[in-house]
Amino acid sequence: MISTQELEYDRAVTKSYTELRRETEARDRSLRDKVMSLEEAAALVIDGDHVALGGCTLSRTPMAMVWALIRAGKKDLKVSRSITSTEGDLFYGSGASQHILTSWFSQGIVWGVSKVMRHYTENKLARFEEWSHMAIGLGYRAGAMGIPFMPTRTMMGSDVGERVDDKTHEMNCPFTGDKLLLVPALNPDVALIHVQRCDPHGNAQIDGLPFMDADIAMAANKVILTTECIVSNDQIRRAPDQTKIPFITVDAVVEVPYGCAPHECYGVYEPFLTNLDAYADLTGKDAAAGVAEYLERYVHAPASWNEYLALLGMDNVIDATIRGRSVHND
Amino acid sequence: MISTQELEYDRAVTKSYTELRRETEARDRSLRDKVMSLEEAAALVIDGDHVALGGCTLSRTPMAMVWALIRAGKKDLKVSRSITSTEGDLFYGSGASQHILTSWFSQGIVWGVSKVMRHYTENKLARFEEWSHMAIGLGYRAGAMGIPFMPTRTMMGSDVGERVDDKTHEMNCPFTGDKLLLVPALNPDVALIHVQRCDPHGNAQIDGLPFMDADIAMAANKVILTTECIVSNDQIRRAPDQTKIPFITVDAVVEVPYGCAPHECYGVYEPFLTNLDAYADLTGKDAAAGVAEYLERYVHAPASWNEYLALLGMDNVIDATIRGRSVHND
Amino acid sequence: MTDTTRHSKSELLAVMSSRLLKDGDTVFAGVGIPLLAATLAQRMHAPGLTILFEGGTLGPFVVPGELPPSTNEQRCTRRANMVLSNTDVLLLLQRGYVDIGFMGGAQIDQYGNLNSSFIGDADDPKIRLPGTGGGNDIASLTKVIVAMLHEKRRFVENVDFVTSTGFWHGGSSRADSGLTTGGPAEVVTDLAILGFDEASKRMKVLALHAGVSAEQVRENTGFDILFNTDIETTETPTDDELAVLREFDPDRVYIA
Amino acid sequence: MTDTTRHSKSELLAVMSSRLLKDGDTVFAGVGIPLLAATLAQRMHAPGLTILFEGGTLGPFVVPGELPPSTNEQRCTRRANMVLSNTDVLLLLQRGYVDIGFMGGAQIDQYGNLNSSFIGDADDPKIRLPGTGGGNDIASLTKVIVAMLHEKRRFVENVDFVTSTGFWHGGSSRADSGLTTGGPAEVVTDLAILGFDEASKRMKVLALHAGVSAEQVRENTGFDILFNTDIETTETPTDDELAVLREFDPDRVYIA
């Protein structure tokens, strides 16, 4: 059942400017080496935190950090993401989170509606707080800009809007008289973001679809980067146009090749389809038992992330890699 | 003297959503070849238009279009730019604009306060409407996002804010109680933007400092691109990460090598310092006569933009080019 | 009956939808029928049609046989003109740069409201569906074409939950709620092309596909549907149209 | 008197300002004394200090002898960690990612308000100055250090026009106006280091440079300036500090 603690959390969703500035000022935002292990980074996340995930659906999902948080036994996380795929199932199934704020939640269109999401929400074991895709993006953007809300013209006149209307306000524009919806800022406690490359300070470069990651990093009170590859600060300085997340926002850098598996990382690997099909089969038969079995076998049993990758299988790793690189061959 | 027409313009600075959408819908936003001459592009600008300029101070100034607008005898333009340099002098001096909205207006720090700006404003021949740098950026951003204002925490408790308080509103945030300033959206009639490269449809790629150009393009009702180089659509599609302005916002593409001269274009040429020093000397002695002489000699007399470049001098062109390329040699 | 020997229902939806798209349009499209229809339109009569994907892609090329599996993965970016954040591509809707939002739907009602969130009571649902994604944003901010199969369980009097707003409670209620632009333009089904009554905003039949009777439409609609005074009959899909669809989806993933 | 045989007034400003910057700080700096001070701090005691330029640069390397001429041209981006739009770099102030805004000024008053817009009446000015640029944003949103020459015409009771807000009309008026964070921390001049009285927010002398008397400060200040109970004396610039400044500005463009 859903705890009252979470409901209280929601009432205070928008931080006052004084609190936002105080939190930011208290951080060590200095230029320093932030490289650490998955386990060390997981220790930066506190039970009850609002954790925002970068990427979207099957793309640049910070899966290795999700995996590490579950292994570390985190609880009561409030998770937000633009669109949620199998990582949401794992949060529900492990009990690490009973509250996901997202716009769409299922493994992916081709696999139909997630049986795990259905099991947990229909049985009221967990909340799926639904906002429109753009409203979530505007919440992160307001948070990134240091303002308490973003005015918008979406989500009015709908049940999606009415269902969260205790968290929004409507106003008449003092300039034009237009009716506007004010979407509250999202300032996550922690952002988990996976990138193609970053330096040890956390200057991160992202190739391909940028999703909401830059805004999430700027909005959050703590940023954990996982990266396919740590590069020198000199490499970053050779292409400052490509830097999407500045080091001043970053608290941890973890080098995790294939850190999104079985999801994709643009230009590096496409989704591990064999594994995703198997997961859909497993959870399709019995959602609760299926996700529990998956968690035991793939999250808890392996001694390390590399051992997890070995369970996914070398053939699948190489196949996903060949397909991933195909964007450079068109 | 400043006309009352301009004052009326200001009162209606923020477009209603209905008007904004109607204007955008009425445009031909289709995929088509938009390549034309400077003169043809100048004809798209109508007397009285609000014209926003991309770039900042001496960087990526759309000088060739400014030059073409003055030659075409445009009048009553309301000009906006983040920071305004010598192009602002030329607008005032030519009479093309008597109203510039900007945050800082002079040739550049090393040349001191612009004598031309002083002459025209102190003698009330033209208006310099001063907003903070960020407030201008937020105005363009609100315009780009299709919202009528952007909330912010700057420009309160200052004479800069009080001097334009007929154009802003204050509100208490319904979420936090914080006092906020609402900066009105800027939706220019025309944006003039200079880029390193774009295709004939107007998909534009920008290297180096991006300034406010992407927001200005998205906010405007018409976009005129000048470009160092027209490239094929295939070239654009090889690096979609680098596209900063999508063709759907663009109405004209003009290929003008050295289109920012005597200002700079990142990676291509640095400012033409000899010319800028000479301009400062000329206008420093007698602002009105100096700018008139400059306009006659450099704007009206040459038969073409290339002839204008020839007046700047081959030595200066090559010198600026060598310095411009130096960013690739560090 | 429509001629099911020449084409599938999905193919009929894709062809009929594609004909509603105009050259030069900018179309927000999901994968499946919307993307196939947009791609078909590009090949047949609208070479300058631009596709937007919710994941952040502007103007991708779709390669025959390589339809992307969703709108948010790298396959959607093949030779695109631009990639941008989801927030920024969705903001194109709000700014007014999108001509058509092209959506599918699980459930639609007499006012064109779409449901993709809950079957049953939202507080105690029979089925929790995946949710709005960008559907609510598209439906709130631009003109929408919906393509879906014409079945009584899908065409209901009032949807269980309004995920993506059509004409809300009818009349001027959509605009009154704050949604002053956009709204459902046409609904394309395997039986008919539907529009909406100007004043009441209730759904009405504009055209029937060849061989379909008004009775058939009534039988497959869960509410009292209006009929235009002049009901046209659509042209059947041409061989060229069907050939293009099959070229793009050779494995018949979406057109089966 | 300060020892003008060893260093210029500008060098004194740069040295004294640099000592106020801490390792790890993120500093919004204009060209001239602010940039020289930040660069000197990096070399002397704050190797991890990060510089931001208003034109959109985060963490550039300043090369000795190649000081950029302004904050908005390509020379400011030499080997930077990131380039971003002016709007986004200024938003770092609002979000709280900037520790110190480092400004020069033409005119300052007893409450630390700065004027860079008008000399005389704004509606009929004697001199129209270039304006705020990002000065108003920096002063509104973060802690500010001001470096300027100590002259009576610059240190006035009330500035003609408040371009960049200090403590506005004193007391709690800054916060009451909506500016709940930031504000002037220190003012560094060629005579003294100045701060502000906790309650009244009026300017007060914290320290004098070696050889400077309280009387000299009074004579060069256009309003009744407060003095701290303990007035310290600053350490004179070291040979190392001066050598670094002269290495970065060998042509003495800014330190003459």
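Labels A, B, C and D are assigned to the chains in the order they are written; within every chain, residues are numbered from 1.
In this section, a contact is a pair of C-beta atoms (placed from the backbone, for glycine too) under 8 Å apart; a residue touches a chain by one contact, two chains touch by 3 or more.
A quick note: this is a predicted structure, and the numbers were derived from the prediction, not measured.
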Chains in simultaneous contact with chain C and chain D: A, B
Centroid distance [mean C-alpha coordinates] between chain B and chain A, Å: 38
Interchain centroid distance [CA atoms averaged], chain B/chain D, Å: 29
In chain B, residues with contacts to at least two other chains: 17, 146-147, 152-153, 178, 180, 208, 241
For chain C, residues that touch 2 or more chains besides their own: 57, 77, 79, 83-84, 91, 94, 180
Contact graph of the chains (line, ring, star, complete, other): other
Interchain contacts (touch definition) - all pairs: A-B, A-C, A-D, B-C, B-D
Parts of chain A lying in touch with chain C, wherever the complex brings them together: 56-59, 82-83, 102-106, 108-110, 113-114, 117-118, 121-122, 128, 130-135, 137-138, 140-141, 152-161, 163, 170, 178-181, 208-215, 264, 266-267, 270-271, 324, 327, 330
Interfacial residue positions of chain B with respect to chain C in the complex: 17-18, 20-21, 24-25, 28-32, 144-147, 201, 203, 218, 233, 236-238, 240-241, 243, 246-249
Chain D residues within the chain A interface of the complex: 23-26, 48-50, 57-59, 61, 77, 79-84, 91-92, 94-97, 99, 180-181
Chain C residues touching chain A - in the complex, by the definition given at the top: 31-32, 54-57, 63, 69-70, 72-79, 83-87, 90-91, 93-94, 117, 122, 125-137, 139-141, 161-165, 168, 173-174, 176-180
Residues of chain B that touch chain A when the two form their complex: 14-17, 146-153, 169, 171, 173-178, 180, 182, 184-185, 207-208, 241-242
